[in-house]
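Provided herewith is a single structure, encoded as structure tokens, for subsequent inquiry.
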Amino acid sequence: MSGFYADRQAAAPVRPEVLEAMLPFFAENFGNPQSLHSAGQRAARALQAAREQVARLINCLPEEIIFVSSGSEANNLAIKGLALASQARGKQIIISAIEHVSVIRAARFLEKLGFKTVQVPVDGYGLVDPGKVAEAINADTVLVSVMMANNEVGTIEPVAEIARFCRSKGVIFHSDAVAAAGNIPVDVRALGLEAMSLAADQFGGPKGAAALYLKKGTKITPLVDGGVQENNRRAGTENVPAIVGLGRAAELARLEMDNKVRRLTLLRDRLIRGALTGVDEVVLTGHPEKRLPHHASFCVKFIEGEAMLLGLDLNGIQVASGSACTSRSLRTSHVLTAMGLDPAVAQGSLVLTLLDGTGEEQVDYFLEKFPPVVRRLREMSPLYTRYLEERKDVHR
Amino acid sequence: MSGFYADRQAAAPVRPEVLEAMLPFFAENFGNPQSLHSAGQRAARALQAAREQVARLINCLPEEIIFVSSGSEANNLAIKGLALASQARGKQIIISAIEHVSVIRAARFLEKLGFKTVQVPVDGYGLVDPGKVAEAINADTVLVSVMMANNEVGTIEPVAEIARFCRSKGVIFHSDAVAAAGNIPVDVRALGLEAMSLAADQFGGPKGAAALYLKKGTKITPLVDGGVQENNRRAGTENVPAIVGLGRAAELARLEMDNKVRRLTLLRDRLIRGALTGVDEVVLTGHPEKRLPHHASFCVKFIEGEAMLLGLDLNGIQVASGSACTSRSLRTSHVLTAMGLDPAVAQGSLVLTLLDGTGEEQVDYFLEKFPPVVRRLREMSPLYTRYLEERKDVHR
Amino acid sequence: MYTDKVMEHFMHPRNVGTIPDADGVGEVGNPVCGDMMTFYIKVKDGRLEDVKYQTFGCGAAIAVSSLVSEIAKGKTLEEAMKITREQVAEELGGLPPHKMHCSNLGADALHKAIENYLNKQTDRKPEAEGEEKQSRDKKNFHCPSCDFILPERALVCPRCQLKLVRCEHCNEYNLEGEETCRHCGAGLI
Amino acid sequence: MYTDKVMEHFMHPRNVGTIPDADGVGEVGNPVCGDMMTFYIKVKDGRLEDVKYQTFGCGAAIAVSSLVSEIAKGKTLEEAMKITREQVAEELGGLPPHKMHCSNLGADALHKAIENYLNKQTDRKPEAEGEEKQSRDKKNFHCPSCDFILPERALVCPRCQLKLVRCEHCNEYNLEGEETCRHCGAGLI
């Protein structure tokens, strides 16, 4: 038992098959896909193959894929690029209250250019109500963006329904599927999406490669202007090895999807059950069923997330937290806040995201180490002491 | 003699030392530098080490480095970000007529937001006259951007002088050093720059890693909004392996700089001399001395660049061209046009950029194959036939 | 980028050269844009007895002229006039979209050479000259991507094959997908 | 991120606990912001005979409270009042910039406990309460990054250590480097 890495949302090892596919493109097939000579054309073919692999994963055309460098860039390109390209039609955009910061801050940038952003609230599970999105749409709305699945609480949003509303009102719909794509089946045609972000490092691919799916014919203003790469929509020499890795990871994700989802769901539920029964005063965050198969998230009352994270790390267990103290900006996760969690409770946020290779024995190892870590921190918590006293008073 | 790759400007193999430094960061040290646990902190330390290596190459502080994904992104961040952050002070920006398209198009984007761009012309060598930049500066000017060295004709620009003018007028000066950094000594302090772009793949590093140097205290509006990465100035999970590669490449470039410059300069001059004497009616483009040590560029009259490129490729020689037919947009290089070259002559553009490892025998191989390739194409060129007839007429 | 067939013609172009005493000569393109082709024909009994050409241009242009010369040779004038750029591109196994205009050049130059021959026969002033003169008086619209002079009401640039959108405000052409007119700044919808 | 010294204190915090019959108690912070510390002291002959604490907060906060308790124990009240956050951070081998406010908490809570003891001695109403009441009447300015209630004319947030810039238009605080005021939209120069 060498430990348990359960922070796959933040980072995961590149799969060996993916790294193997990438390796030849560093020093041997190093060409620039824009070069007309043979070295360049070899790279161009590899790029095209990767484009096809990604397209197959999400059921779109290869030319509907724009390669970018990160999920955040995909989201910025989508939000800024789609809004700027449509500003003649209107200046309102609608996002949910639990979008990734790259969506929220991109929208904030647009506000400086005269756009207006409406944030649609979520319920206690982090679910967006499609009806509320429909209500928020008005004649000035040009873009709606609601994520496919939330990275902090794992909740899977009803994007197909939201997309339907948007379509009926002629509004472009983008979904941030960075946490979802490669981990749950995603079919952009069936879902009716105009645009969708995904990132390789969320499903066994490398950092530095991500993509925006953009439905053919949808206008977009580039974020990175310059050369003709990515069909004039994203300039800059293509990161061929990383894109090749993204392609291979997409192919593997597609082939293994069903098995993986089934296996991880069982494991996740074992983890959730064990954590909720192993320690008192722990709450599950996010939806119990409509959630990513690899995602388990909690709030542990009376203690703070960063301390828990450090305590677990000393036991070889790596997790994440949305507490104020874990963030560099010292703010509680806006997701937990938007879900209406008591701010003090939200400080005890704990997020576990399982690797494909995670086994039962690792989950059980966590379930063994989790209670003592919590106990130690609670013993030194003034809030826990107060809670115990109040409970004593009640029972007296 | 397995051939001669002379298109290093477009792409080059990652150096073995660099790849070796990168490899552990794909599957072993795969952490996210923003994670607080041990896996994340290992990645954070690697990131910091790379930041220091890059800073040492160009003589700045580590915190003055913003990692991005490509030279184009660095340029877009600089042009858009610096202009937007300073727009309260004015709305004019000045660039040279031979900037990279990523600078030119970023400026064009700003024009849609009410900015005005002034393009300063260049002389027949592609040199910008610092006096002309000074003349163009007015009370509304907030940003000047002139590249350190041009990628198509190799000319090295007098940026120190331009920077001095800008400083005296309180205008921010950015230089696109993507073609220069790592290939010639660059000292941002000595040059007096506020901002400078560089890219790893131009000096033995990988694709997907580049940087913007931004002088401490200079305000910038992010291009990719979102998380707190890169000190809130460039969101998105850091591409750790590529950045580690950039760092290592920077270190190697710094250590080997003097030797490399000396060696390549000799080789370049051998190539230029040989090409100009081996074939008639060939002109050197760019400055004969103030030029990148690895850069040789020509126009071969009466024939078209793409055909030459293909002809050389069939001989195992890979080069680039700025002809209209080589560009996807079917436009002649704006650089050659700005230098006042006759448009028909510009179609014969040929650009050779040497790898660090290029040897004399490869240059000589090119000098052997170049004349027959030219001869064959000239034999089928109506322009050459006409030229020969006119010459006959003259001599008659 | 290019098919094997294109590369084969590029490496071994057929029928290169001039015919000093040609019956017809046709020239298209212009070195400023990077491409220029001159076709020379000898006509005998209404058939193209010989076809030669010179080409200044890219690999595709060279392959196209070679292929056109090959298929034209021996054909009747009428048959030769029916050679289309689609046929040329197809016989080459396809061309990249932005190289499709090169396949125009080949057929156009051949057709011009045939017209030149026919005009000489009937001894009337070449039509083309009049046309060209006329077009010089009108305002020419250029492709925003490749600067090609566009025909009236173009939806696609015949040269670079990019889709075009006309600005309702100033009437100029822009590329599909652009939001504001590059000529007058008006919004494109 | 943390020094070995911080981690050592985090793993083995000294003097954790409460003192039921404490001579003074001081509490700072607030669970809403993620941090809260309560210090308990026993005083004998003008010295801190015992110091205990409870902490709800991050690893740095736990290490800080542990270290403060350790250095305070046995000191005279006067000496203990002189413990500064700089000293605490330094003895821990340094803290990341955005964790510097945690070192405040420790010293502050201890000082509050001592004041609480002194107030009990002189039997006068604690000063702090009046102050707090007053500040509730005024408009509070919050740090734009961490929401901390800022002191008058802050240049740096005492909690998250980020540099602040005041909007000349609406008087609100913004982070250094921002161009437009996030409260009123005015330009920040």
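Going by the order they are written in, the chains are A, B, C and D; count residues from 1 in each one.
One rule holds for everything that comes next: a contact is a pair of C-beta atoms (placed from the backbone, for glycine too) under 8 Å apart; a residue touches a chain by one contact, two chains touch by 3 or more.
Being a predicted model, the structure only gives us computed values, none of them experimental.
**Q** Give the chains in contact with both chain C and chain D, ordered by label.
**A** Output, common partners of chain C and chain D: A, B.
**Q** Centre-to-centre on C-alpha atoms, which chain is most distant from chain B?
**A** That would be chain D.
**Q** Between chain A and chain C, what distance separates the C-alpha centroids? Give it in angstrom.
**A** 51
**Q** When the C-alpha atoms of chain B and chain C are each averaged to a single point, how far apart are the two points in Å?
**A** From the centre of chain B to the centre of chain C is 35 Å.
**Q** Could you say which residues in chain A touch two or more other chains, in rising order?
**A** As it turns out, chain A has residues touching two or more other chains at 36, 221, 306, 310, 326, 328-329.
**Q** In the complex, go through chain A and note every residue touching chain D.
**A** Contacts found on chain A: 112, 302-304, 306-307, 310, 314, 323-326, 328-332, 343-344, 347, 379-383, 385.
**Q** So in the complex, which bits of chain C are touching chain B?
**A** Its residues touching chain B are 2, 7, 10-11, 13, 16-18, 27, 31-38, 53-59, 61-62, 98, 101, 145-148, 159-160, 180.
**Q** In the complex of these two chains, what residues of chain C are touching chain A?
**A** 1, 177, 179, 187, 189
**Q** Considering only the defined contacts, which chain A positions touch chain B in the complex?
**A** Residues of chain A touching chain B: 5, 7, 10-16, 19, 22, 26-28, 30-32, 34-40, 43, 68-73, 75-76, 100-103, 105-106, 108-109, 113, 199, 201, 206-209, 221, 223-228, 235-242, 306, 309-310, 312-313, 318-320, 326-329.
**Q** Give every residue of chain A touching chain C within the complex, in rising order.
**A** Touching chain C from chain A are residues 36, 41, 44, 84-85, 87-89, 219-221, 232.
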